[in-house]
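Across the two complexes that follow, subunit A remains constant while its partner is subunit B and subsequently subunit C.
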Partner chain A sequence: MEKATVVVVGGGATGVGILRDLAMRGVDVMLVEKQDLVNGASSRYHGLLHSGGRYAVKDQEAAKECIIENTILRKIGKSCVEASGGMFICLDIDREQDPTYEEQWVQGCKDSGIEARQISLDEAFRLEPLLSRHVVSAYLVPDAAIDGFRMSWQNVDSAKRYGGRLKTYTEVIGVITENGTVKGVKVRDYFSGEEYEIACDILVNAAGGWAGELAQLAGLEVGVQPDKGTLLAFNQRLTSHVVNRLHKSSDGDIFVPHGSITILGTTSMSVPSAEDTSTAREEVEKLMSIGEKTFEHLRDCRMLRAFAGSRPLYIPPGGSLGRGASRGFAIVDHEKQDGLKGMFTIVGGKFTTYRLMAEKMADAVAAKLGNTEPCRTAEEPLVPEVSEADKKAARKYFPAYGTDLAATRLGPERFARVTETLKNNPEKRELLCECENVTVGEVEEMAKELSSFRINDIRRRTRLGMGTCQANFCALRSASVFARVGRDEGAKDSLGQMKEFLQGRWKGIRPVLLGRTIRETEMTRALYELSFNVNGHRIGGDKE
Partner chain B sequence: MKHTDVIVIGSGLAGLTAALASARQGKSVTLLSYGSSSLSLNSGLIDFLGYDDSHKAVKSPREGIMGLPETHPYSKIGMEEIAEAVDFFRDFAKEYHMPYHGSLDKQILVPTAVGTLKPTCLAPHSLAGSESLEGKKKIVVAGIRGLKDFYADIMVENLKKSLGDDLAYETIEIETPLTGGRDITTLDVARWLDTPEGVDSFSKQLLAYKGKKDTAVIVPQVLGTKGHACYLTVSSRIETDIVETTGLPPSTNGLRLNAMFRQALRDNNVEIVENTKVIGSKCEGKACKCVIAEAGVREKTYTADKYILATGGFYSGGITMRSFDQPEEPIFHLPVYSVKGEENWSNEQLFSDKPQGYAKTGIMTDETLRPVDEQGQHVLENVFVVGRDLGGYDLCFEHSGNGVALASGYKAAKM
Partner chain C sequence: MSEEKDKAIYSADHCLSCTSCMSSCPVMEATQEYRGPKLVGPAHSRMHFSQEDYEDSLDFCSNCKSCDRACPSGVAVSTLNMLQRGEYYRTHPHKQRDQMLAHGEDMGKLVRSLPFGAACANLGMKIGKSLGVFGMLGIAGKRDMPSYASQSFYSWFKGYKQQPSDKKVVFFPGCFINDNEPQVGIAFVKVMQKNGYEVLVDQKFNCCGSPMVVTGYLDEAKEHAHNNVARILEWKAKGIPVIACCTSCSLMLKEEYGELFGEDEMHEAGANVYDAFEYLAIMEEKGELNTSFKEVKESLMYHVPCHLKSQGFGTPAKDILEEVPGVSVELADAGCCGISGNFGFKDDKYEISMKVGAKLFERINISQADEVICDCGTCRMQINHGTQVKPCHPIEILAKAYGE
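Let's turn to the complex of A and B:
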């Protein structure tokens, strides 16, 4: 039987943070995740690295944590953070609604240690020309954008250097207990359906929106309310800063620029299951009508897609739901609470404070194990940086703007390998994804990894297919490259992979199928349905 | 302000057909074109009807079309005019040196770049796949070194499922002098094959298969940009059947078709006005008096007795929609039909056995292709609607886009 001292369940930011933290303390730790990494709320959110400004009035504890962690993540995760800076804007309607809020907010930032600098309206419109002229005051704060996919994979890469192990597409289907003590977990392989056991001394439930279901497998109850947030991605940078409305936190009032796109979010809606990542037209309309207050011409911008994820809100007995519920986190020691030895649940919190949550959780686990190593996750960078000299040497092999992007995506070891590939095989310099500047060489590097089972797994690590064309051109290419070099047997089904990849894009496109988005969809269908007949039957009626 | 008998707005396949057919009837024609037309994204294969409403493969497009509902554009056009349009197109293609094969009575199956087969009605000889592949024992897939978007090995894997794995398959790679710079497209290779050196080199590299009657060579769409000249030369040199596939844009065959049409339009004195975006119109009662176009920084007006709207539906901005359930036609503000409600607008699966509701959005017409309102009354008497602007059909689902474009363009010209 496979064995690890600690098994962590859930490949979101919290889970990978714990994996890294414990591995760095020398603990034998394994993470299991039922899908690919960051399939839940850790990627299905707006990718905002909070300054804490958003919590400055309501929850100063959270605000203080945010600004401290914000500073740490900028240092340890340089290549995941786009230090765009943030702007809080107060609209005339905001001021009318609550004339005292701005003052409270300024004071709250001050008390929480967040630097909020007021700027003139001229300055605000110079920095963000598309802003509504209904803005009455503006402040700059140290918000930033953060790439949830990359941050999480870099945690794993770091953990692996210390012996941490990862199994994706491995779902926990049972918790094995003996005499009130956890002995291990029973898991199922997503692709083969094979079921087997993994022994452990301590089980950490970091399953986010699924934490309640996992607890049930051990016969326990954990109050987790999945709270769905829907977001819209626009096909351009509408802003250069993160733009927040300066009012009591509400739906759809944050714009976060990422690379070549902008994300608008988010809504808040209790749902029965974290699996519900659907988006209704009503939610899109709601976000648009709120977003239009900040950027009045929003409706003329092309939407790329909509997506949704569930915040795992922790509900202690008698607690409240929705936006009123705490964004804080909780650690439950099930030995103390339920008399089950060797199991913890960590739930709630937010992406910005994932490292702190992991630290607290690892402290508790280490204490049980008698491990006295200190936490070092705040000091050591997730991955070493690619040196300027290496980047310079690589420039002649990468596409014009592609070197820096590839360096941040790949980290030093993979970057060195890809550079070598491109140097020796000029045909691998071909751009497989023009929108995100990804070469054939880079896609091959990721396609060969043992954790790549589907094109979507490669997408999350390269950004392939996430840009303007939403996979119109790279679906054919990536399916072909994957079929050629992928290690998993499933990679060989190029048509199946291609269809699955396009279907994944379609899921997000469908709720925003308005005029400009339809143009792109018509292109997708004309290429794949008409020209390639991937939906076709053979003459005679047999399905292909 | 210049006046012609006919103004055609839009230079995709429907617009080009409408302009040519009008001119051939002795009308003076102005073609207003914005951008580089959709032909570079169009396979240039004329599909009429590949699948019925339940997604069953249609063996005879003629019979399939007879069974379509009244709301379908083909039902408005009528079988007689559709058949005439086919003859019109075949005669014109032959005259301009790229004869098209096929008929309304059966499907030609064209190999695609992913190794599936695509049904179509009319295809130039180089793309008339099943006609050349019939009875072959060996398939050679010839890739081009450095060519983007053509993966011979993957294509063979899927071809085995489409054509059967009892055939022998081989892949080879053709060398060209084009490597070493930017990514190479099919169009680059096709231009190389327009030159005598290109054809020489290409044919020589295929000599191993010379005269092998049981073998077919499949290549990406690279056999020259000018009609079927290159296809004829290569075929006669290697004396073996050679077949092109469909592929990602740029579509060499779409551009061949475009070049052919443009030549024919010039020969028939059609005035082509490029880079002109029509943004509105002036109408009095049920008559359009002129259309207004943006030409650079100026606005210009064009007048005619008859206007043919071929602006390409959603695909080309001929229909827009800023808010759900409110599609608009921005030039004449014609009533636009669409299915209403979120649940009808699209399917959960991108590819399935059901047409996509949104795709049926478009302008409804009577049998003369004049736009009508919900009561079936004419909105404008001298405006005709063709191609993708028409409502009531999902061309990607049923494989009918170029057929509707051709037949409606032809009919509108006759009205």
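Let's turn to the complex of A and C:
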């Protein structure tokens, strides 16, 4: 039987953080995730690394945690954090609604240790030309953007260097206990359906929105309320800073420039299951009508897609729901609470403070194991950076504007391999994904990873198919590359892989099927359904 | 006031990545070295945030604007390219030839300031060519540089007595007509006189800036734009339109200033500028065109310049000339001629330029037409270079039809 001292369940930000932290303390730790990494809230969110400004009035504890963690992540996560800076803008309507809020906010930032510098309106419009001219005041704060995909894989890469292990597409279907003590978990392989057991001394439930369900497998109850937030991705960077409304935190009031796109969010709505990542036209309309207060031309901007994820809000008995519920996190020692030895649940919290949450969780686990190694996750960078010299030397093999991005996605070792591939095989410098500037060489490198089971897994690590055409041109190409170099048998099913990939794109496109998005989609349909006839329709209809 | 969002730079967001631009790009058809309009313009505009960088193959864009015309979504692809080229040259040195290729106006002024300047310059260029001096500068040695006319248009105009009229237009000759082919401007003045118009000139205009834009001297082009726009608006205030016979000049004055620099006045001024035949067509629509043409027994082959097509007013030169008894006009319909301003003058672009033009050359070579007409000066030079045929501007045929 496979064995690990600690099994962590859930490949979200918290889970990968704990994996890394425990591995760095020398603990034998394994992470199991039922899908690919960050399938839940950890990628289905803004991608905002909060400065804490958003919490400066309502929750100064959270604000202080944010600015501390923000500072740490900007230091250790240079390859996944884009230190774009943030801007808080107060609109005339915000000031009318609550004339005292701005003052409270300025004081709140000061008290929480967040540097908020007021700038002139001229300066604000110079920095963000598309801003509504209804802005009455503006402040700069150290907000940043953080890429959930890269951050999670970089945590895993870091953990692996210390012996940490990862199994994706491995779902926990049972918790094995003996005499009130956790002995292991029963898991099922997503693709083969094979079921087997993994023994462990300690089980950490970091399943986020699914934490309640996992607890139930052990016969326990954990109050988790999935709170769905819907977000919109726009085709271009509308801003260069994160732009927040300076008013009482509300839906749809944050824009995050994220790589080549901008994300607007979010809504807040209680849903029965974290599996519910559906988005509706009404939510899109709601976000647009709020967003266009900040950017009046928002409706002229091309939407790429809508997506949704569920914040796992921890609901202690008698707690409240929705935006009023605590954004804080909780660690439950089930030995103390329920008399089950060897099991913890960590739930709630926010992405920005994932490292801190992981540290607290790892402290508790280490204490149980008698491990006294200190936490070092705040000091050591997630991944070593690719040197400037290596980037410079590789520049001539990469597409323009593509070297630095590839370096942050790949990390030094893979980057060196891809550079060598491109150097020796000029045909692999061709762009497989034209919108996001991804070469054939890079896609091949990621397709070869043992964790690549689907084109979508490659997508999350390269941004393949996430740009303007939403896989229109790269679905076909990536299916062929994957079939050729993929390690998993499933890669050979190129038609199935391609359809699944396109279907995933369609899910997010459907709710934003307006204007230019319709035209784009019609082109996709014409290419795949007509020209390639991927659904295999017969001439003259399908009827015999 | 026009909105920030209306600036050309934001039109990149309209790109659906459909690739129409790539399939209609004449340069891409001629060489694989150019990554193509979609990738260089709209696609890259999404990636500029990532690092200080530049696209090497941007140098291959000739600004012929075929991409803009092919785009079903109204993306100002070529403008995105030219803005990016301008950015590049903010931090990179120009090639030696660029200074010369972008500043034909200064060269012309210099030539005119010297006694026998034109003759000396023409001789100099011939000698220079035979000694391979142009090649050393990075200019295509196989090409003749445009030779200077013995008398410039402005100088001819000063001595020309017009019939005064209340109906006036301002003629913008542009550098090439003024210095190299004044006969085109002369034909224009005579055509307008025959229509009861008095032609004015305004020597405070300077070069439209087109050669600067394509060579990456954006700031300088903007200075020219400011001067010219102020002039145009002054004439506009007097109710007098500005007319050009060179389609690259008229496109620049009408549209490209606004697209490149996005200032409200530029759009306003652009609305007061017309291409010569565009204006004649408007006159005809109002029933004001003098159609008492004499017979001109000529079959014409018409190469429509890219920069005329970009103005989107059809081919009024064909429509009007076909009303002249004895004239037949056949469209060459063979795409871009390949020279695209100063593009084909660069030694490293010469072969591409000739490859692009091959279809047109072939069409002209096998044609039975008596004469080739084309509104654009550099197109005419390219046709002459590629076929030995000497084309003229359609306004010259019209002047003939008026007995001039």
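FYI, the second predicted complex is superposed on the first by the 537 of 544 C-alpha atoms of A that agree within 3 Å, B and C clash if a C-alpha of one lies under 4 Å from a C-alpha of the other, contacts with A are read in each partner's own complex, and residues count from 1 in each chain.
In this section, a contact is a pair of C-beta atoms (placed from the backbone, for glycine too) under 8 Å apart; a residue touches a chain by one contact, two chains touch by 3 or more.
Quantities reported herein were computed from a predicted structural model and do not represent experimental measurements.
Of the two partner chains placed by the overlay, only subunit C lies in contact with A:C435; subunit B stays clear of it. Once chain A of one complex is fitted onto chain A of the other, the partner contacts of A:S260 are limited to subunit C, with no touch recorded for subunit B. By the touch criterion stated above, A:G467 is placed in contact with subunit C alone, subunit B being left untouched. Applying the stated contact rule after C-alpha superposition, one finds that A:P129 touches subunit C and leaves subunit B untouched.
Look at A:D300: by the touch rule set out above, it reaches both subunit B and subunit C.
When subunit A is checked against subunit B and against subunit C, the one touching more of its residues turns out to be B. By the touch criterion stated above, A:A400 is placed in contact with subunit C alone, subunit B being left untouched. Looking at the shared chain after the overlay, A:R519 reaches both subunit B and subunit C.
In the superposition on chain A, A:V7 contacts neither subunit B nor subunit C.
In the superposed pair of complexes, A:S240 makes contact with subunit C only, with no contact to subunit B. Touching of subunit A by both subunit B and subunit C, each in its own complex, is seen for residues 300, 431, 473, 519, 523. For subunit A in complex with subunit C, the residues that touch the partner chain are 129-130, 235-237, 240, 257, 259-261, 297, 300-302, 395, 400-405, 431, 434-435, 437, 467-469, 472-473, 516, 519-520, 523.
Across the complex, subunit A is touched by residues 41, 43, 47, 50-51, 55-57, 59, 107, 109, 112-114, 116-119, 145-146, 148-149, 151, 153-154, 157-158, 161-162, 179-180, 183, 246-249, 313-317, 319-324, 327, 342, 345-346, 348-352, 356, 358-359, 395-397, 399, 401 of subunit B.
Note for the complex: subunit C touches subunit A at residues 3-5, 12-19, 38-39, 42-51, 53-56, 73.
Within the complex formed with subunit B, the subunit A residues making contact are 280-281, 285, 299-300, 426-427, 430-431, 473, 476-477, 479-481, 483-484, 492, 494-495, 498-499, 502-503, 506, 510, 513-515, 518-519, 522-541, 544.
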